[in-house]
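Read through the structures below before going on.
Both of the next two complexes hold chain A, though its partner changes from chain B to chain C.
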Partner chain A sequence: MSFTSIGFICFLAATVVLYYVFPKKHQWKLLLAASLAFYFIAGEWYLPYILFTIISSYIVARLMRKNSEREKLYIEQNRDSLDKDARKAYKAAEKKKRFRILILGLVLNFGILAVLKYTGFTVNNINSIIGIFSDNVSLPLPKLLLPMGISFYTFQTMGYLIDVYRERTQAETNPFRLALFVSFFPQLVQGPISRHGDLSEQLFCGHSAKWENIAPGMIRVAWGFFKKLVIADTVMIAIKSIMSSPERYSGAYVVFLILAYSAQIYADFTGGIDITIGIGEMLGIRIKENFDHPFASTSTKEYWRRWHITMGTWFQDYIFYPLSICKPMQKLSKWSRAKMGPALGKRIPVYLATIVTWFVTGLWHGASWNFIVWGLLNCLVILVSQELQPLYTKFHNRFPKLNDSYAYTLFCRTRTFLLMGLIRVLDCYRDVPLTFKSVGTVFYDFSSWREFFAGGVFDLGVGPREYIVVALAIVTVCIVSKFQRAEGISLRHKIAERPSLAFLCLSVLVVVIIIFGSYGIGFDASGFIYNQF
Partner chain B sequence: MRKEIKITIFAVVSLIIVAVLLHLCSLVLRPKYMSQPLEGALIAEYYGEVDKGRQHQVLFVGDCEVYESFVPPLLWEEYGITSYIRGSAQQLIWQSYYLLEETFRYESPKVVVFNVLSMKYGEPQKEEYNRMTLDGMRNSPVKHQAILASMTKEENIASYYFPILRYHSRWKDLTAEDFKFMFKRDTVSHNGYLMQTGIRPMEKSFAEQEAEAINKIYDPDLPATAFEYLDKMKELCKQNGAELILIKTPTNSSTYWWYDEWDAQIAGYAEQNGLDYYNFIENEAIGIDWQTDTYDRGLHLNVYGAEKLTKHFGELLVSEYGLESQQSDVGVSSVWKTKTEQYYKQKEEMERGQ
Partner chain C sequence: MDKLIEILSDLHPDIDFESEDGLVDNGILDSLDIVTLITEINDKFDVSIPAEEIIPENFNSVQALFALIEKLDEE
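So, the complex of A and B:
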């Protein structure tokens, strides 16, 4: 069931009404039933996969918890007989046991994700290698089901297991409560990747129907629909035209693609997250923000702190940091300091951890070389800018007033936006060589500009009137974003203070979405882009 | 408490305003079918007729072949028979059935004539054609059933009740016509007959067309679903005291060929169920000349062919089904006098315009 379907809107309305009709202590049970129903409707064969994740994670977390309790009890009971070293040794032994249990949970769940998501990619690569030596031999490509949002719920649940192992959160004693944490339906489509500590309490404590929650929630949901249907899905038509005929559309069209795809993915992903957070708000549940005005970033590093925040922090907390401080890395650090000197030597393990993290980030986004190269290019930009930091510092010391200048900030923002847009184009084309070839045409195919401005832009399936509507919608999004940033307030909460204004705002959004949205027959309305990850 | 009341009032007022606004937008955005394709306007026109309390002795149901082959004003002029055609483009048999069911709620025709070409379809076909038939129907449980039976996979039932969900994207293609006919539309047919005065002769012989058609891949068996609806149609007519006649209008094109196997199945069905079936395809008594009586190379009859068929069929209705002339009824006559005048006026205008 797509977020943007009529079925989902009816489902959501029924869930919200029933949620507040239910006694508070049973509300979470309704949410669990709704979440499983949502997932079942999305694909009846998806359920076994998510159920496996729930059950296996429940068992693993419980085992770790029991082990932890046993350890505490043992130490408590033998406080007098155990000296410090013996206690330490016992604790280390128990921790090792818990670690093994954790690894079992991670291997099982990441294993499923790897098999379902990456088998095809692996087989294709093996076949390419075999193809070098023989034309007739190739491995058959298995047809595997990829459950909706599997990457999101797997990462969220594995984060929970690691947190239980690190004793940062309590293991759920009730499997149904864990089931809700894993399958909470607004998050299933495209995240955000929540932490158990942030979400669980809110899921299970009851909520009363409050205008202060429902109104801003509804406005945010409508705002998400506006971004998705009026901007993202309209722009997508032109983008698909360019992507499907790379030979026909080069030069100017590729520049247009870079800009249009930036607008589309932003509107699509943030729109989806707006719907998710808005639904949560309507239910009285605060879901973590996943974006913080990413296009206002002045550097790539900053951009990645503002874009898909929950994914970034997940990789940081569960991959980058553990990797940076693991024993082999410490050995490498020692070695590199000795061989390359302290300045460069200390950076080597950090850079290596960064490269691995970005490689995995790329792979998480999709089973293709495009995403791997995309991840590594992001990494390259970050590392290069890190290496050039002394140069920047020198430059800024030479021109100290530059940092306060709006023009310079604007330059940095534009540079970051274009750089990210350029790298993001790897999402669009079918393979890496084609992407580089297409982007290359920007630098020599100047004749395409004439064709583009002579009406070529209108031959991409989007007419002049639609471009005007999209442009106005983008301007509206920019104004709202700018206002929120400048004032540091939540506009929808401000609007909700006056019910008349809230209803006016909702009414306008509903009418605009219904008329100008790209949906229904005649539109190949897309699912959310991040849905596939 | 005061806040809750305030919020409820705002919510209700907003809902009403949004509903009215969307309804007005929907009226503008819906296709009007006042220029091509006119076929989309046919089904809705019927209500203008029955709302004035007009009854008909004969009801024609079926696809394009009926609304291009029978001329109700001529049937009146020649035989004093009142008739209406409830047909639209690629109208599927279940749509004909539900239209018939709906028609019996408004009136009691003595004879129902069903053109059997649509018997070849057992599944929903094209959304565009569904729309032309179903959008014109008034909301009712019958329409609901018709929608459920007709929807293709990509369609959504909500868009039939809230057409703005289907036609919202027309905002960029709006013309003056959309505003002009927002509330009221012109009548484009003559009791369901859509006039075509053009002549585009059939270029190949009947035998050549047949040879071409036979070489195409086709299912020699008419689908079971179609027969189920034919059964239902038969029962419905029986319950309402109407005689059901099956016909196949004259056509002569390999594009929509009426195969012998299909004909035999319909003939067999008619015989088994005590129905009359007339295949007019090779009926020389009608006098169809495929050089002058078709506007699209034998696919459909033009007005000249339709007049010939109407006269022939009118004779049958009088001689075989005992339909009596209504011309002695002053009220009915005055209505049909106007209709006949309008018919000839349009014919003359269209002939002059060619």
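So, the complex of A and C:
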């Protein structure tokens, strides 16, 4: 069931009404039933996979909790007989036991994700290698089911297990409560990847129907539909035309693709997250923001702090930090500092962990080389910027007023936007050599510009009327975004303070979506881009 | 404390670390700085900062960092 289907809107309306009819202490049970029903409707064979994650994670978290309670009790009972060293040794031994239990949970769940998502990719690569030596031998490609949102719910649940291990959150004692945390339906499609500590309390405390939650929530949901159906799905038509004929559409069309895909993925992903957060708000549940005006970033590092925030912090907290400070890395750090000097030596382990983290980030996005190259290119830009930092500092010391100038900020923003857009094209063609070849045409195929402006842009399946609508919609999104950023307020909450204005705003959004949105028979508005990850 | 300020000043010479209390929240220390910092602290204070202690509250100020080092030393 897609977020942008009539079926989902009816499902959502029924869930919200029933949610507030239910007694507060049972509301979460209704949410669990709705979430499992949503997942079942999305694919009847998806359920066993998510149930396995729920059950295995419940058992693993409970075992870690029991161990931790036993440890505390033992220390308490033997406080006088244990000296500092004995206490330390006992704690370390128990922690090791918990670590083994954690690893079991991680291996089981990441193992399933790896098999389902990466077997085809691995077999294809093995076949390519075999193909070098023999034309007749190849491994059969298995057909495996990839449950919707499996990367999102697996990462969210594994984050929960690690947090229980780290004693940053409590292990759930009720398996059904854990089931809701894992399967909460607004998040299942494309995240955000919530932390148990942030979300669990919200899910299980009862909520009363309040205008100040429901109205802004509805406006945010409608705003998400507006971004998705009016901008993303309209632009997608032109993008698909360019992607399907890379030989025909080169040079100017590739530049157009870079810009159009930036608009599409922004509207698609932030639109989906708006719908998710809006639904949460309608239910009185605060879901963490996943974006913070990413296109206003002045550097790649800043961009990644603002785009898909929950994924970035997941990788940072559970992969980058543990990897950077693990014992082998600390040893490598000492060795590299001794051999290469302190300045370069201390950067080696950090950079190595950064490369691994970005490799995994690329792989998380998809089982194909274009995503891996995409991740590594992002990493390259970040590391090169890091290495050039002394040069930037010198430059800014020479021109101290530059940082305060709006023109320079605008230059940095445009540079970051274009750079990220350029790397993102790998996501469009899904073929590394083809992407480089197509991007290369930008620098020599100048004749395409004449054709593009002579009407070629209108041969991509999108007419002048649709382009004007999309342009106006993008301007509207930019104005709203800039206003909220500058004023630091939530526009929808301001609007909701006046019910008549809220009704007017909702009505306008609905009418605009009905008139200008891309949907209807024969139009596939089913997929959010991040749904496939 | 002076030893800690010295390590931090090596990373960002332009910051007044004695008064700053939003090193992570205000974006002064990024993830690369934090890892470099941990390596230096582990080395110079003979402690081992585990991944679970890498939270903004522990890295936002020199005082918080110093309290973390003392806590780890105590444990």
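Observations, loosely collected:
Methods note: the second predicted complex is superposed on the first by the 530 of 533 C-alpha atoms of A that agree within 3 Å, B and C clash if a C-alpha of one lies under 4 Å from a C-alpha of the other, contacts with A are read in each partner's own complex, and residues count from 1 in each chain.
Here, a contact is a pair of C-beta atoms (placed from the backbone, for glycine too) under 8 Å apart; a residue touches a chain by one contact, two chains touch by 3 or more.
All values derive from a computational prediction rather than experimental measurement.
Contacts of A:6 after superposition: chain B is touched, whereas chain C is not reached. In the overlay built on the shared chain, the residue A:499 is in contact with chain B alone; chain C does not reach it. In the superposition on chain A, contact of A:317 is made with chain C only, not with chain B.
By the touch criterion stated above, A:97 is placed in contact with neither chain B nor chain C. In the superposition on chain A, contact of A:301 is made with chain C only, not with chain B.
Legend: residue contacts after superposition of the two complexes on their common chain; A:350 is shown touching chain C, with no touch to chain B.
By the touch criterion stated above, A:507 is placed in contact with chain B alone, chain C being left untouched. In the three-chain superposition model, chain A touches chain B and chain C at no common residue.
Considering their complex, residues 6, 211, 463, 465-466, 499-500, 502-504, 506-507, 510-511, 514-523 of chain A touch chain B. Taken together, the chain A residues at the contact with chain C in this complex read 88, 91, 166-168, 301, 305, 316-317, 320-322, 324-325, 330, 333-334, 346-347, 349-350, 353-354, 386. Chain contact summary for the complex, chain B toward chain A: residues 3, 6-7, 10-11, 13-14, 17-18, 21-22, 25, 29, 127, 154-156, 158-159, 164-166, 168-169, 171-172.
Only residues 27, 30-32, 34-36, 38-40, 42-43, 49-52, 54, 75 of chain C touch chain A when the two sit together in their complex.
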